[in-house]
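Each chain gets a letter, A, B, C and D, in the order it is written, and its residues are counted from 1.
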Amino acid sequence: MISIEQAIDEAMRYARTFLPEGKVATYIPELAHGDPGQLGVCLITKDGTVYHDGDWQQEFTIQSISKTICLIFALQTAGYEKVFSKVGVEPTGDAFNSIVKLETKTLHPLNPMINAGAIATASCCMDLEDPFGAFMDLTRRLCGRESIQLNESVYLSEKKSGMRNRSMAYLMQSDNILECDAELALDLYFRMCSVSVTTEDLARYAVVLANDGVDPATGERLVENWIVRIVKTLMVTCGMYDGSGEFAMKVGIPAKSGVGGGIMASVEDRMGIAAFGPALDAKGNSVGAYRVLEYLSQALRLHYFAGKDL
Amino acid sequence: MISIEQAIDEAMRYARTFLPEGKVATYIPELAHGDPGQLGVCLITKDGTVYHDGDWQQEFTIQSISKTICLIFALQTAGYEKVFSKVGVEPTGDAFNSIVKLETKTLHPLNPMINAGAIATASCCMDLEDPFGAFMDLTRRLCGRESIQLNESVYLSEKKSGMRNRSMAYLMQSDNILECDAELALDLYFRMCSVSVTTEDLARYAVVLANDGVDPATGERLVENWIVRIVKTLMVTCGMYDGSGEFAMKVGIPAKSGVGGGIMASVEDRMGIAAFGPALDAKGNSVGAYRVLEYLSQALRLHYFAGKDL
Amino acid sequence: MISIEQAIDEAMRYARTFLPEGKVATYIPELAHGDPGQLGVCLITKDGTVYHDGDWQQEFTIQSISKTICLIFALQTAGYEKVFSKVGVEPTGDAFNSIVKLETKTLHPLNPMINAGAIATASCCMDLEDPFGAFMDLTRRLCGRESIQLNESVYLSEKKSGMRNRSMAYLMQSDNILECDAELALDLYFRMCSVSVTTEDLARYAVVLANDGVDPATGERLVENWIVRIVKTLMVTCGMYDGSGEFAMKVGIPAKSGVGGGIMASVEDRMGIAAFGPALDAKGNSVGAYRVLEYLSQALRLHYFAGKDL
Amino acid sequence: MISIEQAIDEAMRYARTFLPEGKVATYIPELAHGDPGQLGVCLITKDGTVYHDGDWQQEFTIQSISKTICLIFALQTAGYEKVFSKVGVEPTGDAFNSIVKLETKTLHPLNPMINAGAIATASCCMDLEDPFGAFMDLTRRLCGRESIQLNESVYLSEKKSGMRNRSMAYLMQSDNILECDAELALDLYFRMCSVSVTTEDLARYAVVLANDGVDPATGERLVENWIVRIVKTLMVTCGMYDGSGEFAMKVGIPAKSGVGGGIMASVEDRMGIAAFGPALDAKGNSVGAYRVLEYLSQALRLHYFAGKDL
C-alpha cells in the first residue's frame, strides 16, 4: 500500500481537477468572498503524526460541522431524554434546509444534522448561563486550540440573512418543539455556525472521535463513549446532507460537511481527516474536500466495509 | 465478556418480554397466519461455529430481506450503471411503501431497500431467460441450502393483494423508470419476497457478507467485493425501513429486516446473525428479532462504533 | 352591446392569435394527431338559436369533459351518499394527474373533476348491467344526438398508455376507495374519455345545464335540479384543472375542459357554449377555446359577477 | 316563498342546534374568551332594509374576513400587476395555515385568502405613509361606520403568539416574495385581523359587494367593478378555508369566514348577509354562522345555481 504522504499528494492532484465544477456558497453573503481555487487537507493519526497539504492553515467558518459539536454539547448538558424528545435520528432524503417534513411527516425535525434539527438541539442548552461561551470551551478542547474565535462578520451576516432558518425556528416554536424563543435558539445556532477553524483544528477533533472520545495525545476522555457512538452514527447516515447515502457508499467514513467548505471525517480507531475547499456542489458539499476524502478512502482503504481486496 | 451461548440465552429472554408489543403483519393475507409468540435466532461465526435457539428452524418468507439479494443479483447481471440509473442510494425518512417522493422529490426511487426501489431494481434483470430461476440459484448459493423454495401460497397472496406496490410500479412505468412492463417487474418482485427461509439460511448469507463476499467455509467468493460494500452500506442507512437511523444508533450492525418477521445482520469480519419473530412493530420490523440483536450488540460489543468501554 | 354573431367573429380572430402558444397533447399517443391550427365554436341560446364558426363540426374526444357526465351518471344511479363517500368536493391546487394528496392529505380524491376522483366516481356505477352503455345513452340524450360513438382507437390508446391513471386506481383500490377492481373502473373511465363529440354536441349539453337540467327545446327535464347545481358548482371551482381559479376570475362561467381540445361552458339561464382547438397550454386547457370564451365573456358580459359597468 | 323575517327566525333556530358541535378558537389566546353560545345575524337588502336577530350587535374581531378588504386595498393602492406577481388565484385544498405548498408546489402563495397569501398581499401596501390608517379608512367606508376600531388586546395577542404566520412570512422573505421585511408585513396583517366589527358592519360591506361595489344607499362607487369581480370570485373558490368547495355546493353564495366567528356573504344584486357565532368547526368556520347561511340559502333560494325548483 502507498504511504500516507503519497496518498495525500495524489488525492490533492485528483481533487483539484474537480474544483471548476463547484461554486462558492452565496446564500450567506459573507461566504461569497471565498476563493473557489483553494484546497487544503490535514490528517492526524492516532499516534499523533500530522500530515498536511495545500491551504490547510486557512481559516474558514465551521458551519454545519458545528452540528456535531452542538449535539455533543446538548447531550452533555441537557441529556439524552431531553434532546431526543425534540429531534429524531432518522435520515430524511430532503435538502438540509427543507421545511416540508416538519409539516407533513412529523412535527419534530428528523435528525440533528439538518438545520431544523440543530436549531432544536441548540434550544436544549439554554439553561446554562452562557451557552455560547460553554460551547466555545468545548469546541476549543475538542480541536485542541485555545485561540479559536467567532467570525463576527459571518455571524452577523447569517443572523441578518437567515430567513429560511428563521422560518423553521418559528414553525417549531409554533409546535412547541423549541425549549426557548425562536430568536434565542437562532442566535446560538448562527454563532455556532460562524466559528472560525482550520483543517488542523477539525482533524484534531476528528481523531478524538476516531479514538472513542479520548484525546490520543493526552489520554484524556473529552466525550463520553455513548455520545461518540451517537454522533458518529449520525455522521454516517446524515452527515453529508442529501448526499449522505452516496458518500457512505463511495467513501464510507463517518463525516460531516459544512457550506464553509470543510469536511471532517473520523476513521475508526485510526485517524482524523479534515479537508477544505470553498467550491461546493449542488447539495452543499465541498467539491474538493469530497474528492480528497474519496481518493484517500480508496488509496488507504478507509471505507468501513473496505474488505480484503479492492 | 460473556460467552456467545450465554449472550444468546439472555437475549432471547430479554426479547420475549417485548413480543406482546408487536402484531403479525396482516396486509398480506397469508402472513396473518404467523404465530406472534415465535422467536428464533441463529448466529454463525466466521470460523463456522453455529449457535441457535428457539424457533431457529421455522420457515418464514424472506420478504424485504430479498431486496439485498435482488440488489446483488441486479448488480451482477445488469451492472452498476444500469441499476443506479433507475434507483438512488439515499435514505428517505418515509415508510417503505410511500409513494409521495416519487412525485414530489424525484421520479427515481430513492434507494433499492424500499419497495419502489426494489421493483425498479428487479426490472433490470429481465434480459435473462429465467430471471427468477437465476435469482433462486443465487439465493441458494448465498444461504448454502439447495432446497430453498418459493412459498407458492404467499406469492399468490401477495400478487393478488399487492395493490399499493402495483400503484408504485405503474407510476414508475409512466415515468419510464422500469426496464419492463409493470406487471412483469411486479411478478418477479412478489416471487422474490415469497422465498421461504430459516434463520440458519439467513445467518449463512449474513456471514458471507460479513466475510467480504467470501464463503468462510469454502473460501469461495460468492459476491464481488464492490457489491458487498454497496449492499452493506445500504443496510446501514436504509435496512430497517424508517427505523434505520434508530437501529444504527442503538444496534449498529448492517442489517435488513422483512415483514415476514426476519432480520439478518452482518458483523464485519466476525459473524452473521439472523433472528425471527412474526410480531412486528409499527414500522414493520420484528419486535423480537430487533430486541435479540439489540441485546447481542451490547453484550458482545458488535456496534461498528462500540469503542473501548461501554 | 354588440351582437352574438359579431362577438363570435371577433372572439375567433382574437383567439387564433394565441394558437401558436399551445401544443397538441402527446401523452395519449392517438391525440398527437390533432391539428393545432384548428379552432371552432358553437353557441346555443336558451331560445334555441344556434351560432357557430370555424371547425365547429370537427369531431374530437370529450376527455375530461366526460367527468361532468360521469358525475351526473353516478349521482343518478348510485346516489349522493355513495358517491361522496368516495370523493370530496374541494379544489386541490394540484395538477389533474397528481397523486401526492392521495397519500399525504386524505385517502379520498379531493373532487370528481380530477382523474383520481373521476375513476372513483366511475367505480360507483358498476352495479349496472352495462355501465358504459347506460353512460352513452345519457350522453346522447344530453347532447341531443343519437349517433354519438366511442372513438375506438383513442380508447385503446388510452387504455394501453394510461399508466399514471392505472397507478392512481391501484392506490385507491389499496385504500378500499374503489367500488370495484381497478382495471374495471379504469376501463369505464378510459371509454368515457374517448367518446367522440362536436362543439354542437357540447353546446347542447351546456345549454341543458344552463337551463337547470331542462332541455329548452322540449321542456323535458334531463337532469335533476340538485345534481345540476352540484355539477355547475364543481365546474366553477375545479373545471379547468389547476387553472380553475384564474378562469373563474377572468372568464367567470361554469366550464369544463378536456385535453382533446374542448371546453364547454354554461351561462346561467342564458346559453351553452362549446369551443374546440387541439393546441393546449401547460395546464392542459385548449389555448384557443380558452381565449374564445374569455373574449365572449367580456363582449357579452357573461361573467357571473359581470356587474354593471365593465 | 316565506318572508325574510320568517326565514331568519327559522335559520336561527336551526343553527342553534348545531352550536354544541363547535369550539371557540384557542390558538389566539384572546379569542378563547368568546362565548360559544352566541349567535347573531344581520341581513341588508339592496333597497336598504335591515333585518337582524340574536347577537347581531356583538363586536368581534374580523380575522380572515379582512383578507377581502386587504385585497381590495392592495389592488387599489399597488395595482393588479404587483399584487398578482406576489400571489396566485388558485384554490389550494390545504388548510389556511399550511406551509407545505410554499416549498413543494410554488414559492408564491396560491391565493390571497390563505394566511400566507394575505401576508404577501399586505406587503404590497407598504409604500403608503400610514398603511394601517389607510386600511382603516377603507374598512370604515365599506362598513358604513366611522367608529370602527382596532381591538388592541387581540392585536397584541396575535402578534405575540402568531409563530406559524411568522414562519410563513420568513419563508416568503427568504424567497423574495415579500415587498418588505417579514415583521412589517406581519404587523400590518395582525392589525388587519384584529379590527372589531359587528354583523351589521359586515352586512353593509357585503351589500356593497353584492351591488357591484356601489353603496346602494348613496349610489357612491366605493370599489372599482373589476376589483369587486376578483374579490367575489375568490370568495367563491377560496372563501371558506378548505371547506370552500362544500360551502359552494351547499350554500352557493360568495362568502368569507373568519376565526373570530364571523361569515359575510354577498348575494349578487340582492343583499348582504353577515352572521356571527364564536363556536368553530374543525376547518375554522363558525358552526352557527355557516348553518344560518345554509338555511337562508335554501329558504330564500340564494344559491347562484338555485335553478327553478328546489
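In the analysis below, a contact is a pair of C-beta atoms (placed from the backbone, for glycine too) under 8 Å apart; a residue touches a chain by one contact, two chains touch by 3 or more.
Computed from a prediction, not measured in an experiment: that's the story for all the values here.
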item	value
Given subunit B and subunit D, the chains that contact each of them	A, C
Rotation, 0 to 180 degrees and nearest 5, that superposes subunit C on copy subunit D via CA atoms	180
Copies subunit D and subunit A - interface residue numbers shared by over half, same or different	same
Geometric centre distance via CA averages, subunit B-subunit A, whole Å	31
Whole-Å separation of chain centres (CA-atom averages), subunit A against subunit D	48
Where subunit A and subunit C are represented by their mean Cα positions, the distance between them in whole Å	55
Touching two or more other chains - residues of subunit B	104
Every chain pair meeting the contact rule	A-B, A-D, B-C, C-D
Touch list for subunit A against partner subunit B, complex	88-94, 101, 105, 110-111, 212-214, 225, 228-230, 232-234, 236-238, 242-246, 248-249, 252, 254, 268, 303-310
Contacting residues of subunit A [partner subunit D, same complex]	98-100, 102-104, 163-164, 166-171, 173-174, 182
